[in-house]
Structure formats: structure tokens, C-alpha cells
């Protein structure tokens, strides 16, 4: 799970897609429309997550409709807010399934909420694809639950490997977000792998999502004199962390995960973040047309560079649509199988193949934070 | 509405306070229905009546603590019906309310100074404070004590002093003798006489009908929210009804 | 050791910010006995005012003395107005009603503001945090050793401001006529009216003062933490409330001391254990404090005589 | 209940004193109330009368000296325990349960009535035993209470009858105090004088053996005071009480009290029959004032001798 | 205020039957409801949420409304109940009583775990109640608030309780019947307390502690008891919550949640159980209602439909303000239907006769 950006300027509603929404009223959708459901945190502590996820999904659906929809039917999505609360997520999922009779559910970002939804989806046998919940438990819930992102352990491993082999560090410190299960997962694996590879963890500190003063943790880390600091948190915390670290005279590079990926990182971190590394699903620098087109289209609609949350949401939606193209939307079992078949699917956030645990197998890239953009450094495969 | 029984004659005076057909109710409870009374410049007018007759409600309405539902109140000719209390103080009204209304979280001295809130003449205020301390020496002893810890009677003294501190033209007193030692009660009535001689008009609610009526130029008897009887203090004191109903004879 | 000192300094700095918020809080609180739940959110709005102003001024202007002053003034004025409106339309009508009634409207306002600012259309900023421009260039004010102990200029600045405000408010409340009026109103506003005190105005002014203070505090807070986002008010507001109560309701110095205490506890918990225990320990300590001083640190035993 | 020996003192104060930061509000205060007594406590404002009540009823703990209720030492005991020993009071600054109806105000006081696991009288007797017995009584009391919670929750038949019984008794008490017409009015809406009477009704609800009245006549007119005098006497008989009255109205005090204690600055300056007290120089100077002599010549003559 | 009329109310019944009959009737009615509506997942889910909030509101009302102790940490007790009973159910997850059908034994275990949760919460209630003997008003509020936060933090840092991710896999054995039966019990208890000497003692404490003491009310004991009772039911509600929400997570029990409950009881009318119920139901359904409304309205307009769910919360806030301005004493003041109804009925009966 990771955060997204919303444009600093307010997005232009008219520029926004017009057809990507539910048909009139509550009653089951007219038969010539296939209704998808999405649940996200549009309000509350994690509101930024939900919004760009929503945008990504929307974009995918509009493109699909532009291409003529699925089997002659148009697609539409209904988006519900879960206020970043599991009970609300479960509620929203139930509502989508029983009231709106959606064929496919997309979401959530936070693993907790995805799990809540997944139970409902599995019960009702409605396929669900989580774009960016990275906790292992999510897909373990049942055979109707998929995801298009890699899971925490892999990212932890990637950064450990990179730090040890590419950066040749020997002493690392970890600063993790205890409120975010995601951050926990990454740092646990990082610590394990890094030590296995012979490195030494010299300090482990923690903070809580939304904190804005990290000086005391950083002081502790500073006195441990590490070569690098692993901060698998979210860009809006990381930005501030970076500033305050430099402020305290800490010069070693910060390492992070896909949670860093956002324009906001520069806004918040300023020069302080430059030179640090993080693992990611894709690099906007990736010259391949499919990535560049996506970025262009997204920019056009929402006036900002898509973050990996948007990219993953976009992929998730397209994987789902692809499934429908193969198996149609009406037979949920068939749809499930079709999605499960996904192999070497050309997603913008990396090529996706789903394994038997319904998790995406895909390489990760490591990028370095430049002055204005993230520079591609290395690709690390499972 | 029942007939008002008027006895005796009233010496004509330039009216200061005129209340006409005053109606006050608290939610469902109708406290006053049509109270009419007047008070001339320099007069002492007493309001007596049984519990719940509406004496306090009348004062509250006059001093703007409650909004009347009907009727007119005029002060020195100007209509003040439903006006906020704090606008009446500059017009020379002071009200020592039922339950004393002491600021228990403030010291005795601060309470007195609040009485003079709108006054700017520091020196004069100082004088008046000394005057009050002169009247009630206890208060001087306790000037720095939180008034919350004063005894009931001491609080009563404080309430009256505070009312005097604003140098009012019209003084509304709700049962000033409540909970005071006999000696102090006399002091108080002596004071009232003094201030009245200085030209302050007084609207006095008092349970001790004897004291009240012997001080007052004119008196009204309230019964269940209406004026039942009116007349010069002395003559009311003589009237058999009063002696029976309020003096327990 | 040097770490300890640094923690001490940062703790005090953090506490100072809380103190600034708590001061505004405790004023309103002292007068209305109203738990002004929206205080933190008013602060948040103030920060956005400052943010907007800073942008209008542009890179250069906003770092000049006048620019900084302008930022503060605009924010404070804006919040004073906001505070006035809130008081006028959400609290005043409920003044004679049970105290909790106003608490609910306060919560309502708080929701409206904090969630409203999360919306990302119209003039609203959206949920994403923004970097607050460095209107005060952070510079070391004092450096010991190899940057082992650093005192930053903004830390000193906010400390001075807080100290000044504390003295000022204490004077206002206990030495001035207006202060006496405030305390009278807080005890019984109907009788206060009988003293000729313009109750409504006293309360309104107090409210505007409190809100303006919140805005000022908020900007210092944003400078310290270099960012601003719609939910920032929630936690700070809560902590301000806690500090104000622990210090003793309506006690100006109490609010400050309570806030400093809070700041120090948090800093040291985070510095020497795990930050995830911060609230727990902080509240644990505060509860203990209250058990030993039920009227708060500076609170006098209530003067109620039987 | 009534049968309790008239002889032995129900309430005793032995050299009770209390200070408030230097201020000696009450000094070496002595008093005895037996069943059927009707005594008065007077003195200038701030003399310490109400404070005396507070010390007797456990609101304040005496800094020295003893308070005995039914022969048992109660220093520092909680007010509600003292009340259950049979001591009830009214307050000078009326303290009714403002938002409750007149009826409920009285019914609150009646809680000790609920028919429990262990009989109330029985426990009361144990408490008066004092010492270990009292502790046991407290324990059993708790059980009574738990038991009673369940009866309330399960609406045990006995409980229902009792509730109706309680209501009836409450109504009777209102009747006695002449407040029946206010049964369902919220206490805060009653006029001052009626609030005072309601306080007395409430106090009687706790089945006291001694009743302390703090300025019961305040805010009543001469006529109502006259009625009150009669009422107080009647209460004493009807509920076989010992009564102690604080009052500034000499007519009332002198009229109904057999014995009067006079306080000044916390010190007891005189004790005795109305005649004696009224004639006491110290009392006249400190409290009654010379004019009192003028209005009551007979006192003057006595004083002269 | 409770009325003797309230007790006379079900006087159609013989006196010995009044205790249990309502319970039996309710059970029957709920069984039918279950049978009729039980198979609509969405309805059941919403109804369960509403039920849980109702229990919370009614129980908090015992402390805040009746006893006048200002508690703003109710979510804490809910959390305690949720995690304890959740853990219990996980422990007995796959055991079953052979003698009876599995579904039945599930319910038995559910009730068991609920009681466990309730008792645990009640224990904490006792602990939190103790300070109330020394602390008044907002000082006490801070303690309750602090307690709530402490609980949340502890859970967040305890892996065995799911830490940040939350506790999942709890058997989802709750049902419409179960939830609303507990709602009924809570209301019944609240009401019967209110109509007993105990309820009056609580009110006395709310009105004036000194006077209450002087009238023989053991204020300390009563304050603690009110805390214990109210937290017991809060705990049960938490337990129920854990058995129909797939995953429970500390973020569901923040002080914002506590505040929502306070809002409910004040909006309903402090001290009025009826009000608490109505407000709880209304305020819980409000966001869901707005959702339906907006989707209906915004169907055509893409942009609105996009923002709908974001606008709900600000609107919710404003509606609160409006509500309190319109009815400052709360929906019901301090009145109860069962105080008003019986008089009304008896009047009808009389007029009929």
C-alpha cells in the first residue's frame, strides 16, 4: 500500500472523464452497462491514497470504453469512500455487491481494508483485485482475491540486496512507521535479508504515520553512525524526515520503498531527499510507449504525473477488463479463472504474471531521487 | 384579570419607572400576567407578596434579566422593554438579584470593583469602596478572600454593597434582609434610608413586610402574578388584609 | 549526554508550540467553559491562510521581515474573523443551554472544517499535505560540538513568543478590567450583565483573540514541521485541550506548563523508547498528575462552600 | 424506630473545632440533642453556624474534638454514612436536585427504604453498636445494594410494590410540607419559599432521628414564618425527632426553641433558655443590637438586673 | 425523569410476569425479523452497525446522562470488548459442542465470548471509574480520553492482537438477532435502572453531589457502578462488532469514535434513553443515506458522483450544528417515550371507557 499525490492545483472537473461513473440512480444498472465497484479512502487519514487510485481506475475504464467497451457493453465504475476504516470498507463492499450488483471489485490500498473487503467479496464470489495492498494475507483469503503489485517481502529483499551489493554499505539503520502495516512488513524483511547478507543493523527507530517531528528518532540514529538509513514509509512523512535528518547533519543516503513515489516527495523534502534511493514498480522515465502514453493521458485528465498508486490501479482495472474480454462479466467463476490466467500482462507498472497464490510476480526497479525526477538505477528480479 | 384594590392617595411625583401590563413566563409556567406599577423619582416602592407571587420575576423583567412576553417598561420616559441588562446599567439601574449573584470565583474586592465596572472615576470608586467597607467591616477583613467561602450573610452584604458601587439612580433589591442578623438588617434599612435621601429611587422586594412598608412611600401587593393591592406604605401597614395575610396577625 | 540535552531542547520546543495553541484554547475555555473542539481546526485554517499569503508574496518577499509579518497578520486576522463567525452562529445561540450542547456544535464545526479542507475541488486544498514555505530560514542559533547539540532560531523565536504571550495573557486576565469582566462572565454571564458588562462583546473578543493566537501558533507549528495538511488540527487541538486541563482549567500559566510537560514527555518517550508508545505514556503520566492534583497543576480547589 | 429511648443523646458535639487556613471558624463547640429536643443556634453572620452544621454532618472534618451520632464517633465518616445513622439536614444556600421533580427529590432520599436482604432497622442497630459491628453492617449494606440492583433489573414483584409504596410515602411527605400541588414540577421552577419547604421534605425522607435546619424561614413572610413555627413543632412530634435550627428571625427562634446556643466568631458566647439568652449582654452586643432592647423591653429589664 | 406511570405502564400483565415477559416478546419478535430479513447481507450489516452504535450510546448515557460524569473514552471499552471476545472466539474457533447442531454451538460460544468481552471491559470500567471519585468534570474527561488512547496504543503495539494490520479470521457468527437482542437488553437495563431508586441516586449525583451525600447516597460507589455497567455493555457491543466485521483494527476505536458516541447521546437528549436510541440510529444511517441520495442525484453528473463520498463528512458536521441549534435540548430532552406513552394510553383508555 502506498500514498498518492493529488495535483497542487485543483483538478479540472471538465477535463476529468465524463462517462466513468455509475448510471442514474440506485437500481441495478441497465443491461448494456457492466458496473465495476471501487472502494477507497477518499476521506480520513489516508485520503490521498484513494483519490489517485480512483483516478487510475477511471482512466483505464474510459480507455476501455473508448476502445468499444467489453463485448459491446460499456463499462462504468461506482466509487465508495471507506473513511480509511475497515468496517466501512466491508460495508462499502457489501453495498457494491448486494445493492449495485457489480461484477468486479477494485481496491483497497491499505491491507487492513482490503482484507475486510476481501472477506465480503469471497463470500459473495465476486472477483476482487487489489491494486496495491502488499500484505501477504490479502490474497490468502480466497480464490476470488487477486493483486497486481508485488508483496512486502520482495521489496524488502530488493532494497537489502541493493544496499549491500550496489551501495556496498555495511551498517544500516531502520526508521519504520508503526501505524502502517506496510512499513512494518518491509522493514522486517529488510532487516532479516540485510543481516543474512552480512550487513549490520545499527539502529531501529519508529514513528507513527502523520507525525511531523522526527528529530528525536533521528538523533538516536545519528549517534549509531550508519552508512544508510532505510525508511520504508510514505513520501509525506519521508519528505519531512529527510529535511530534519539533513538539519541534524545526517548526510548518508536514505533508502525507501514504493511509498516514496510521488511528486510531493520533492515538494516536501526539497533538496534534502536528492540522492536517496527507493524501490518502485516502474520508473516514469521508462521510455516504453505504453508507460509514456499512460502518463500523458493521466496528466491530461488530472493535471499531474501519476504516482505508482495510480499506475497500479490502472493496471488492476485493465487486468480485470482483460479478464472480462476473455470470459465475459456475467459468470463470476469464469471471470475469476480468466483473471487467474493472467500472464506477462503488459502493465504500466511492470509486466504482470499472477502466481498460484494470485500475487503478481514482477521485477522491481530501484531509482535515485534526482533534482526534479527519479532516475532509473537498476532492475532487480525475484 | 382581578380588580386592583387601591387604598389611600399617592403624592404626585415625576415618574422614573413605569411598568404596564407586564407578562413574564418561563417556558410553560406563567409567572406574571399583567403587572402594572410605577415608581416616582426619589421614591421607595415596596413589592410584597407570598412565595411565587412574582416579585422576583418583576425585578428580573425590569432589569432585563428575562425578556417579558408582553407589556411595556419605561425608565425616565424611555422605553426599555426587553433591553439587555448591560445597556440599563449606564441608565442608572442596579439590581441585587435573588440568590445574591455573587461571583464566587472572584475575591470580595473584585466583586465590588465589578459593581463599578462602567465607572471611570477611579478616585471616587475608591471612596465608595471604603464607604461599603465602612458599612460592613467584615468585608474589609475578607477583602482578599474568595467570595465563594463567605458565609451566607456576608455574601448578602457583598451583594448589596456591589449594587451601591455603581452609584445607581434606581436600585432594585430582592430580599436584601435575607439571611442577615437582626442588627445587620437594621443597618441595611438605615443605609437604604440614607441612599434614598441622596436621591436614589428604590424598588424593594422584601418578605419582612413590616420593615419594607414602613420604609416605602408606596407599596404593591402581588398575588399569583398580578397586583392585588396598592397604596402608601403606612396605610397598607394599617390595612387589616395585609396585617392578616403578611404580618400574621 | 549531548543527546539528552538535544532531546531536552527539542522537547521544550515542541512543548512551546503546544503551549501557544493551548494558550488560545485556555482563554476561550476559561471564559465559556466550552471545550472548543474546533480550536485545532481553526488553527489549521489559519495555517492555510498563511500558506496562501506566502505564495502570493512569492519566494523572495515572504522571507523578508515584512513578508513574515504579513503572513502572520493575514492568518491571524482571517482566523479572528472565522472565530467570530463560529462564536456568533454556532455557540452564542446555545449560551444558556447545557454545556455539552455547544460541545456538539464544536465537533460539528471541527468535522466540517477538517473534512471540508480535504476536498480537492473549488478553492479547497485537498487532502494531500503541502510543504510549508520556509518563511523563517532555519539557521543554527547555537551549536555545541560537532553539531551534537543544536538550537534552532525558530525554537528560540517561538519560545520567546510563548513566554511573552503567557505573561501578557496572565496580565490581561488577572490585572485588567477586561480580564475581570472575562472572569465574571465565565462565572455567570447573566449577572455579569447586571454589572454593565457587555457580555456578548467580551465573549466575542475573547473568541477572536483565541482564534488569532491559534493561527499564530499554527504558523510556527508549520514552520517547525515544514508542512501543512487538513488533519493537522485534530491532534494538536486535542493535545492543547489536554494541556489546558492538566494545567488547570482557565489557568494561563497552567496551560503553558501543561504543554511543556506534554512536549517533554513525548520527546523523551520517542527518543528513548518507541514513538508508538508516545500517546500511551504521555496520557499515563498526565493521568497520574491529575490523580495527585485533581484540580490540575495550577488549579485552585474550587471555592464552593456548602 | 420511634421506640428509641428518649433519654440517650442522639447527637453530641464535644469541643469540636475547625479552621480554614488560620481562620478559626468554629472553636470548642459543644452540643447535645436528644429525641424531642428543639434547640436553636444563632449568632451574627459569619459566626460559624453553617460551619457547625457542616462539621456535624461530615461535610468538613473537625480539626479537633469529636462528633458522636447515637453514641458513635463519626469524625471523618462520609456524610452519607452519618446520614444513615439518622442525621439529616437542609442547606442555607438551597441545594435541591434542580432538574428533578419535587416528587423525585423526595424519592431520592427514600432509597434507604427498599426492603432488602438484611433488614434496615437491624443494620441501623448494628451500626449504632459501632466498631466491628458497624464494619459488618457496611458489608451487609453492600450486599443489600447488589441484591437490590438485581431486584430492580428483574422487576421482582416485591420491588414493584415497593416502588409504589415509596411513591406513596414521598407524596405523603409533600403533603405534610404542603407541596402536593408541585408534585411534578421541576425543583428549580419552584419559588424560593417552596424550595425551602421541599428541602425539609427531602430531609425527612431519610427517616432522620435528628433534623438540622439552616435558616428554614429565610425568604418567607411573617405569616409564612408563623405557619412554619407550627409546622416545625408538629414535625418534631409526628416524626419523633430532635431538631436543631439556625435562624436569624428572633420571633421564630425565641418562639419555638427550648434552648439556644449563641456563636460569635466561632466561639460559644452563651447557652440557655430564650429568656436568658435574650437578656445576655454579650449576645445583645454581638448579635441582637441595642434597638432590640427598645423593641423588646422585657428583655431590657432582665438585662438590667 | 422517570414516572411512576412508567412502572404502571405494562400493568396489563400480572405483577410476577412483568420482569421476563418483555424479554420473551422481544426474543420472539427478533426471531421473526431474523427469519424475514436475515438473508439480505447489506441490510444485516447496516442493521448490525446501527445496533452496535445504539448499545454504545445507550450505555454511555448511563454514565454521561444519568450520573453526569463526563466520559469521552467509550471507544476504549468497546476496543477491550472487541479484542477480548475476538481472541476468545479465535481460541475456540474450531471447537464445537457435539450435543447440539453446529450453528447452535457457534451461538453458545459467541455469547460466551461476548460475556468475556463485556466482563473484561467492565473490569477496565471499574479501574477508570475509580479516579472519578477524586476528579470532576473535564479533569475526569481527560482520564477517560487518556484511557481510550492508551488501550488503542497497546493494541497497536501487540502483534498477538494484530498490531497495525488488525485481528482477522474471527468467526463471523454474529446475527441480526444477536445484535438486536443485546440492544434490547441494554435498553431494558438502562430503563429499569432509571425507574429504580438506583437511577434516582444516579440523577441525584448528577444534580448535586454534596446534597446527594447528605441524603444518604453513597456517591462514590454509585459512580463506579455506573462506569462498570456502562462499560460492560460497551464491551459487549465491541464483541458483537468483532463478530461481523471481518477485521478489527485499532483505528476503528480512536477517540473520534468516542466523540461520535458522545454526539449521539447529546443529540438525542442527555439522560434520555429514547433519545440515545433514536440519535444513534439516525446518525449512523445518515452517512449511508447521504450516499444513496448523492448517487441518485449525481448519477448523471460525473464530477459530483465522483466527489459524493468526500462531501458526506463535511455535510455531516454541518448537520450536527444545525441539529443542535434547532433542538438544543436534544431530540428528546430528558423525556422518554415510555413516560409519555403510558399517560397518553391511559388517557385513551379512560376516554374509551
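Going in written order, the chains are labelled A, B, C, D and E, and every chain counts its residues from 1.
Keep in mind that, in the parts below, a residue touches a chain if its C-beta (ideal position, glycine included) is under 8 Å from a C-beta of that chain, and two chains touch if they have at least 3 such contacts.
Predicted, not measured: the structure shown is a model, and the values here were computed from it.
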Among the other chains, which touch subunit A and subunit E together? C
A-C versus B-C: which has more C-beta pairs touching? A-C
For the pair subunit B and subunit E, the C-alpha centroid-to-centroid distance in angstrom is 51
Express in whole angstrom the distance between the two chain centres, defined as the mean CA positions of subunit A and subunit C. 36
Dist(centroid_CA(subunit B), centroid_CA(subunit D)) in Å evaluates to 32
Rounded to the nearest whole Å, what is the centre-to-centre distance of subunit A and subunit D, using the mean of the C-alpha atoms as each centre? 74
Going by the contact rule already set, what residues in subunit A reach two or more other chains? 13, 43, 45, 47, 178-179
Please set out, as single numbers or ranges, the residues of subunit C touching at least two other chains. 115, 118, 120-121, 274, 276, 278, 302, 306
Which residues of subunit E are in contact with two or more other chains? 156-157, 210, 303, 310, 313
Listed in rising order, subunit E residues that touch subunit D in their complex are 1-2, 4, 7, 15-16, 18-20, 189, 192-193, 195-198, 200-201, 203-204, 206-208, 210-221, 225, 334
Mind pulling up the subunit C residues that touch subunit E in the complex? 35, 37, 90, 93-94, 97-98, 100-105, 107-113, 115-116, 118-121, 234, 238, 242, 245-246, 249, 274, 276-280, 283-284, 286-287, 290-291, 294-296, 302, 306
The subunit C residues in contact with subunit A across the complex are 3, 6-7, 10, 14, 115, 118, 120-124, 126-131, 138, 146-147, 150, 152, 224-227, 229, 231-232, 235, 267-268, 270-271, 274-276, 278
Subunit C contacts subunit B in the complex at 177, 180-181, 183-184, 186-188, 190-199, 300, 302-305
For a test of understanding, state which residues of subunit E touch subunit C in their complex under the given definition. 64, 70, 131, 134-136, 138-139, 141-143, 145-147, 149-150, 152-154, 156-157, 210, 255-256, 259, 262-263, 266-267, 270, 303, 307, 310-311, 313-314, 316-321, 324-325, 328-330
